[in-house]
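Two complexes come next, and they have one chain in common, chain A, joined by chain B in the first and chain C in the second.
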Partner chain A sequence: MSDYTQKIRETAKKLLSEGKVDAVIGYREGTLPLMAEPCLVKDPEKVDQLVFNSFCGVNLANYLPKRKDRVAVVAKGCDSRNIALHIVENQVDRERLFVIGAPCTRMVDRRKVAAAVGGREISGVSEQDGKLTVSGPGYEQTVDKKDVLQDNCSICIHRNPVLADEMLGEKLPEQEADRYADVREVEAMSPEERFAHFKDLFSECIRCYACRNACPLCYCPTCFVDESKPQWVGKSIDPTDTMTFHFLRAFHCAGRCTDCGACERACPVGIKVRQLTRKLEKDCLGLFDWEAGMNPDVRPPLDTWRPEDPEEFIK
Partner chain B sequence: MRFLKIAKDDWTRGVEDLKKSFRVFGPVKEKEAYDFRLLDKGVLPDFSFQNTRLSPKSTVYPQSEILFEYTLDESKADHHVHKVPEKDYSPRVILGIRPCDAKAFELVRLNFDTPEYKDPYWLSAYEATTKVGLACDDPCSTCFCTSAGSGPYDEAGLDVLLADRDDHFLAKVLTEKGEAFVSAAGWNTEAPDAEAGFEKLAAEAEGKVPGGVPTDKLADKETVALHGADFWEDVAFSCINCGTCTYLCPTCWCFDIQDEVKGAEGVRMRNWDSCMFPLFTLHGSGHNPRATKVDRVRQRFMHKLKYFVDRYGRGIQCVGCGRCVSSCPVNIDIRRVARLMNEFEPAPEKCPA
Partner chain C sequence: MGVEPGRLHFSWISSAESTKFVDVATKVIEEVRALGPAGQLAKTKAQVA
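Right, the complex of A and B next:
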């Protein structure tokens, strides 16, 4: 059992039995190897289902808006940044929230693990010292965790929570990373090449909205694609409608996306949705020296106006 | 019913001959995953898959389909008249469909082919389709077909069942459509002794399918009590209400109808819909009878595992393909929910004080 798991259970038990919160939002063991399921625990006697491991990639900040009760939530670095945004955007009342901060040990992409074992069935996995031991019918294979990280985790530079009421461990060292290598490749394309690139990127989309629904930023009561008066976007899998959905959704996330990777992780057909959001992240960094969710007291740049805002792009 | 042996040396020729009289669909690997596609000349189905990412239901029931076309231009004689666009209902064959997915067509048929209503689009496509199954000798860990009334060698809904035997396929020809298929491919090497071998393979494969998803008590449960069970909030908590489970499911049949008009020209189309979406049940008045996530998640499981069972009396609306289990972004697992529902006992009623 990881140290975090033990501490989460102790904290949850204490908070619930002392009546400090009504519920704790965390992860429980998945029914599949390499998965963990978000869960809500209200009973202090049931905290032992809570776990923390390398498969807790779901962003729990997504489960906070519209809650009326007092909850505690387990938050990795990115989750905590989304909580900070929720606070700025008045989606969460800080007074009713207890943040259990988890300096993040980086999350594993189960598709990469599946590829690393050649697509063979995986019936069990254990992790120790930066290695995953994967087993299945007739084989056991050890994989370096760093080779199978979620793409966003491998370039993450903010693994430590930006806010917490209790920390599960000491802060971990942050890494330097080139976050935008693939974005620059797309920027270097001609408009025709770029359009072809995006058309191909979204060609397999089935409009299930898993990317949108997994995203903590997408809390609008009615998403623009679900509006009917007027109807802005067609509902078929016509490529123009599908791209309209993805592009507009990405723009709604400009200056707000924390690159938690929830969208890509959720996509059932493996679309690299973050190519769009990271371009916007790069632009916000360049134009406004801005990284989303680092401070719960500062509004995102596209949500405010300052006299010194750059305006060279207004022609 | 008869058995044939198809040498793999003769496979490519046969598939190409088929394409002269059929549109041939088969699994192909694109980017990361396998899906069913119309196979062009020279393209063979790739049988190195366990199962396809999306089910083959779209070969008969496309995700988006135009039902009618019309013009609003009153200078035209046929303005405001709904016209069915030309459709290709020439014979088609799905090569390499898994037995669970073939059985799913029979379940979906219950919705589109009833004594009262016959859906012309679905039925025309279905009747044009020959389904050639590929038996599963290597089931996935998320498979539970044998718990869901199907199996790795299930023949339900199939015209031919193939078993892959190293240098050849054994083919069990099951229907007249199946006969027309083998004849078009020119495969006619009889294998009269194959029956016993087929049964042995089936038994071996069935033994490999993870089982233990109980559904035997679902029919006896009291619907209202099950609807009010205390586990739904816990089951639904992690759900993000995306359409992954329903869109990947071979048995989900729900659709939405939309008009799309550009200028004076319009089409009426139907698109797959999902009971996970809040919009699915939103009334024109603004009222939503399934307003919460718990309502929607409960509906999906109650439909598949209770209402369907009661209405049709032929088991659950699930063939155990495991797609929703392996692709759910938050690991909601129908096997776990089936267990909870099957084992549910309502709390005894309290005596009035």
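Right, the complex of A and C next:
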């Protein structure tokens, strides 16, 4: 059992039995291997289902808006930034929230593990010292964890929580990473090529909205895609409709996305949704020197105006 | 996202700048006309029906 698992259980038990919170939101083993699932515990006797491992990629900040009770939540680096944003956007009340910060050990992409074992059935997985031991009917194989990280985790530069009431461990060293190599490639294309690129990128999308539902930023009571009076965007998988959905959703996330990877993780088709959000992230960094969710006291660039804001595009 | 340059324009125009408004509007119309009808992110009537 990982250190974090043990500490999460102890903290959860303490908070619940002392009545400091009404519920603890964390992870438990999923019904399938490689899939930890979100879990809400209210009974101090039931904290032993909580775990923390390399499959806790789900962003738990998604479960906080509109809650009226006092909750504790386990937060990795990216989750904590989304919590900071929720605070700025008045979606959660800091006073009623207890953040259990997890300096993140980076999360694993189940699809990459499946590919590494040649698509064979996986019935179990254990991890130790940066290695995953994957087993299934008639085989056992060891995979280097660093080869199967979620794309966003392999370029993550903020794994340590930005806010926490209790930390599960010492801060971990941050890495330097080139976050925008693929974005620059798209930027270098001509407008026609770029349009074709995106058309292709989203051609397999089935409009299931799993990406949106997994996203902590998408808490609108009625999403523009679900609205029918007026209907802003067609509901078919016509390329125009699909691209309109993706472009608009990306813009709704501009200056707010923390690149937690929830969208790509949730997509049943494996579409690289983050290409759009990371372009906006890159622009916010370049234009406004802004990284989302680093500070719960500062409003994001798209809902503030400063006289020195760049405006070269205005003639 | 691949929208042609010249199809989208931004400008600050105060309500006192009527001549600027005319100039900008004329220029926008000229440039967009030159590009022709939008083919991207647009559906035909038949597709919508």
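The rule is simple: the second predicted complex is superposed on the first by the 315 of 315 C-alpha atoms of A that agree within 3 Å, B and C clash if a C-alpha of one lies under 4 Å from a C-alpha of the other, contacts with A are read in each partner's own complex, and residues count from 1 in each chain.
Here is the rule we use: a residue touches a chain if its C-beta (ideal position, glycine included) is under 8 Å from a C-beta of that chain, and two chains touch if they have at least 3 such contacts.
Treat the numbers as computed from the prediction; the structure is a model and nothing was measured.
Look at A:238: by the touch rule set out above, it reaches both chain B and chain C.
Touch criterion met: A:315 reaches chain C, while chain B stays clear of it. In the superposed pair of complexes, A:70 makes contact with neither chain B nor chain C. When the shared chain is aligned, chain C comes close enough to touch A:247, but chain B does not. In the overlay built on the shared chain, the residue A:265 is in contact with chain B alone; chain C does not reach it. In the overlay built on the shared chain, the residue A:179 is in contact with neither chain B nor chain C.
In the overlay built on the shared chain, the residue A:282 is in contact with neither chain B nor chain C. Of the two partners chain B and chain C, more residues of chain A are touched by B.
By the document's definition of touching, of the two partners only chain C reaches A:191; chain B does not. When both complexes are aligned on chain A by C-alpha atoms, chain A residues 234, 238 touch chain B in the first and chain C in the second.
Chain C meets chain A in the complex at residues 1-5, 9-12, 24, 40-43, 47-48. If you check the complex, the residues on chain B that touch chain A are 30-33, 53-54, 63-64, 140-142, 233-234, 237-238, 240-244, 247-248, 256, 258, 260, 269, 271, 274, 277-279, 325-327, 329-333, 335-336. Chain contact summary for the complex, chain A toward chain C: residues 191-198, 234, 238, 240-241, 243-244, 247, 276, 313-315. Contact residues on chain A toward chain B in their complex (touch as defined above): 30-32, 35-40, 58, 62-63, 111, 121-123, 136, 204, 206-210, 212-214, 226, 234-238, 265-270.
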